[in-house]
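The next part holds the structures, each set out as C-alpha cells.
Shared chain: chain A. Partners: chain B in the first complex, chain C in the second.
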Partner chain A sequence: MKKRSHKAIKLVDLKKHYGDNQVLKGINLDINYGEVVCIIGGSGSGKSTMLRCMNFLEKYDGGEVQIDGKLIGYGSDAQGNFQLAPSQIVQKDLSEVCMVFQQFNLWPHMSVLENVMSPLILVHKFSKKEAKERALKVLNKVDMAHKIDAYPGQLSGGQQQRVAIARSLGTEPKIMLFDEPTSALDPELVGEVLKVMKSLAQDGMTMVIVTHEMGFAAQVSDKVIFLAKGLIEEQGDPKILFTQPKSDNLKAFLSTWTERNSGIV
Partner chain B sequence: MDFSLFVTYWPILLKGLLFTLYICSLGIVFALVGGLLLHLMSRIKLRIISFIYVTYLTIFRGSPLLVQVYLMYYGGPFVGIELSAEQVGILGLGLYGSAYFAEIYRSGFASVPNGQVEAAYDLGYSRSKILIHIQLPQMLGLIIPPGINQTIILIKESAILSIITVPELTTAAVTMSTQTFSVIEPYLFLAVAYWVITFIVAKIGHWCEKRATVHLLRSE
Partner chain C sequence: MFDFSVVLKYSDSLLNGLWTTAWISILSILIGFVLGIILCLGRLSSHTFIQYFCRTYISAIRGAPLLVQLAIIFYFLPYWGINIPPIAAAIIALSMNTAAFQAEILRDGFQVIPLGQKEAAWNYGYSSWQSFRYIELPQVLRNTLPSLTNETIDIIKNSALISTIAVTDLMRITQTYSSTTYRPIEFFVTAGVLYLLLTSCISLLGRYIESRLTTH
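== the complex of A and B ==
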C-alpha cells in the first residue's frame, strides 16, 4: 500500500450533543490508511454518532473531523468566519468515504444491478456499459452476481447487506464505515456478511466498524476502541484489550457479552 | 326526449368538451407542479414559511372554488388584476388543486424511509437527484390513487367555471338548454360526458399505478 502523508481519519476533541444530552464529549482518534478499527461499547455510548460524524451524516458541534487531512463539514468564508460548508463541498470531500448501514438502505424500486449501477451513472458519470462492468465485478466480489435481476424485497437480509456493500465498493471508496452491519440480521446470516468484510480487510481497505460481533472484532481488527458515555475509555490491540481489559466499564461490558454467549452454548 | 336536438347542437357541445379538456389539463398540470413546489417549500424549517404554507392551505382548502374564482374574476379588477375568464379558470383550478396536491405529496414523501435518502446522500447524490431517482419513483405508487381522486374532483369542479363565462362543457350545455327550453337532453349529456372523462382518467391512473408498483409486486 502506497504511503500517504495524512491520516485516513483524524478526530480532534470531537463533540456532539442533542439538546442537553452530550453524546460525544471530546474524542481524539487517529486511523491510518489500511487499518481496520472496530468500535465497541454499550448502547448510548455514542459509537454510532461518532461514526456518523465521520461522514458528516451528523453535524458535530465541537472539535474536528479530518479525512485525508481535510477538515470535513466546515470551512471559512471570505471574511475568514468559520461556518458550515455547502453540502456539495462536503460530499466532494467525502467522495472516498462510504457507509454501510444497519438497515442496508437499498432502494427497493431498483433491481440489484440497478442499485449498484445507479450511483456510478448518476454521480460518477460512467456510461451504462462501464457501470454494468463495474457493478458485475463488485457483485461478484460479494458473491451476489447470481441475483442481479432480483429486487431487494426478494432477498434475505444477508444478501441485501452484501449488495449494499457492493454498491459502496462500486464507487471505489478509500475508507468504509460500517454502522452495525450485522445487527439487523438473523443469526444464521451474520457469517456471510462478516466473510465479505473480512475479505475487504485482507485487501487492505481502511475500515471503521461499529459492531457487537466481538469474535469478529478480535479476529479482523488492528485496533479496538471501547467507547463509554461519549469518551474513548480504552483502546488498543484486540488481543490485549479483550483478554486484559483495564477499566471496570470494559470488564463489565465484556463479561455481559461472554455470559450471553455462553448461555447460548 | 328529443335526440334530434343534438344534430344542431353537437358542434357547440364538442367545442365545450374540448375546452373543458384543455382548461382541466392546464389547471391540473399547474396544480401538480404547484403542489410539489408548495410541499418542497413547506419542508424548509422556518416559522415564516410554515405560516405561509398553513395560510395558503386554509384559504384554498377552506373556501369553495366557486367563491375563489368569483373573487378572482369579478373582484380582481378592483385591485388592478384583470384576467380573462380562461386565465381565471386555469389559475383557479391550479391554486385550488395545489393545496390538495401538496398534502398528497407530503404523505408520499413520508413513505420513503429516511435511510434510503441518507444512503443516496452518502454516495454523492444531489438533492434533486435524490428527489427524481429515489423519492419520486417510490412515492408514485402511493400518491397515484389519491392523486387520481383529486384529479377527478378537479375535473368535476371545473363545471363551476361556467359561472364566470368560461366557454367549457357546462356552459355549452346551459346554452343548449336555454335556447331549446329542453332540460333532460343537455344535462343528461353533460352527466355522461363528465362520466366518460373521469372514467378514462381513472383507467389511466390505474394503469400508471400498476406500473409504478411493479417492484412491490416482485417483492412478494
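== the complex of A and C ==
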C-alpha cells in the first residue's frame, strides 16, 4: 500500500454550536489510513455532528478538520483573511471521502444501477460502459447484483443500505464515514449491512462509524471513541474500553446497553 | 325547440376558435412553466431581495382576478407606447398568471424532497446545477404532474376571458354567433362541449405521462 505522510483525518480543537447550544466543545482526534474507528455515545453527545463536520455537511465554527493534511471548508482569500472556501473546492478536497447515511439517501427515481452509475458519469466522467462495469463490480461486492433494475422503493432497508454503500464504493473512496448506518433498519436486516462493512474493514478501508452496535464496534474497530456532552471522554482499544471503562459516564452508558440486551437470554 | 343545425353551419369558425383557445393556452402554460421554475427558485433562494420580489409577485398575481390582469396588460402597454396585438397581450397575461400558480406547485414539489438526497449528491461532488437537473427536477416533475395537469385545465377554462380583449377564441366566436343568430343556448352548449373535449384530452395525456413515469 502507498505510504501516506498525512493522517487520514485530523481534528484539532473542533467546535460547533447551534445558537446557545455548544454541541462540540473542542475535539482532538487523529485517524490513520486503514484504521476503523467507532464513535459511540448517548443521544445529543455530538457524535453525528462530529461525523458530519468531517465531510463539511455541517460547517464547524472553531478549530480544524484536516483530511489527508488539507484543511477542509475554509481557506484564505487574497488578503489573507480566513473564510469559507467555495463549494467546488471543498468538494474537490473531499473527493476521497464518502458518507453512508442513516436514511440511505438513495435517489428514488433512479434504479439501483443508475444510482451507482450516476456519480461516476456526472462527476468522474466515466463513459456509460465503464460506469456500468464498475457499478456491477461494486454491486456484486455488496451482494446486490441481482437487483440492478429494481428501484429503491422496492427494496428492504438492508438492501437499500447495501446499494448506498456500493454507490460510495463505486467512486473508490479512501475514507468512508458511516452515520448510524443500521439505526433505521429492522433488527433482522442489521446483520447483512454489518457483514458488508466488516468485509470493507478487512480490505483495509479507513472507516469512521457512528454506531449503537456495540458488538460490532468491539469486533471490528481498532479504536473506539466515547463522546459525552461534546467532548471525547474516553478512547482506546475496544477490548479494554468495553471491559474496563474508567469514566462514570461510560460505565453508565455501557450498563444501560447491557441491561437492554440482557433481558433476551 | 333546439336547433343544432345552425351550429353546424358555423362549425368551421367554432373549430378555428377552439384551435386558437388551445394553442394560446398551451403556449402560455409552457412559457409559464419556465417562468414558474425561475420564480420558484427565486422564492426558495436565500437572497432576501430576490425571495421577497418573487413572493410579492406570486401573491399579487394570485390575489387579483385574471380579468383585471388581462385588462391591465392590454390597456397599459399601448399607454406606454408598446403596441402589441391582442393575441400577444393574451399570451403575456396568461403566462404571467400561470407562472405564479405553477411556481407554488413546483415549490411544494421541491420542498418534499428530503435534504439527505441533496447532501448525498453534494458529497459525491455534484455541482448545484447537476443536483438540480438530475436529482431534484425529475422527482419534482413526477410528483407535481397531477397538479400541473390541473393547472393546464384551469388555464384552458380561464382563457375564455381573453375574449374580452378581442381575441377570437372559442368564447368570442360563440358570443358573436349566439347574438347574430339568436341561438345562444345551442352555441353555448356546443362551446361547453368543445371546452370539455379539450380539457379531457389534456387530462388523459397527463394520466398517460404519469403512468409512463411511475413504473415503480
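Here is the rule we go by: the second predicted complex is superposed on the first by the 265 of 265 C-alpha atoms of A that agree within 3 Å, B and C clash if a C-alpha of one lies under 4 Å from a C-alpha of the other, contacts with A are read in each partner's own complex, and residues count from 1 in each chain.
By definition in this document, contacts are C-beta pairs under 8 Å (C-beta built on N, C-alpha and C of every residue); 3 or more make two chains touch, one makes a residue touch a chain.
Owing to the predicted nature of the structure, the values given are computational and were not obtained by experimental measurement.
Engineer: Thinking of the overlay built on chain A, is A:V123 touched by chain B (first), by chain C (second), by both, or by neither?
Structural biologist: A:V123 contacts both chain B and chain C.
Engineer: Examine A:N105 and indicate which partner it touches, taking first as chain B and second as chain C; both and neither are also allowed.
Structural biologist: After superposing on A, A:N105 lies in contact with both chain B and chain C.
Engineer: Kindly classify A:T182 by the partners it touches after superposition: chain B alone (first), chain C alone (second), both, or neither?
Structural biologist: neither
Engineer: Which holds for A:N55: it touches chain B only (first), chain C only (second), both, or neither?
Structural biologist: Both: A:N55 reaches chain B and chain C.
Engineer: Of all the chain A residues, which ones make contact with chain B and with chain C?
Structural biologist: 55, 57, 87-88, 91, 94-95, 98-99, 101, 103, 105-109, 118-119, 122-123, 151, 153-154, 167, 171
Engineer: Write out the stretch or stretches of chain A touching chain B in their complex.
Structural biologist: Result: residues 55, 57, 87-88, 91, 94-95, 98-99, 101, 103, 105-110, 118-119, 122-124, 151-154, 164, 167-168, 171 of chain A touch chain B.
Engineer: Report the residues of chain A in contact with chain C in the complex, numbered from low to high.
Structural biologist: 55, 57, 87-88, 91-92, 94-95, 97-99, 101, 103, 105-109, 118-119, 122-123, 150-151, 153-154, 167, 171
Engineer: Could you please specify the touching residues of chain C with respect to chain A in the complex?
Structural biologist: Touch residues, chain C against chain A: 114, 116-117, 119-128, 130, 134-135, 138-139, 142, 216.
Engineer: In their shared complex, at which residues does chain B touch chain A?
Structural biologist: Of all residues in chain B, those touching chain A are 113, 115-116, 118-127, 129, 133-134, 137-138, 215-216, 218-220.
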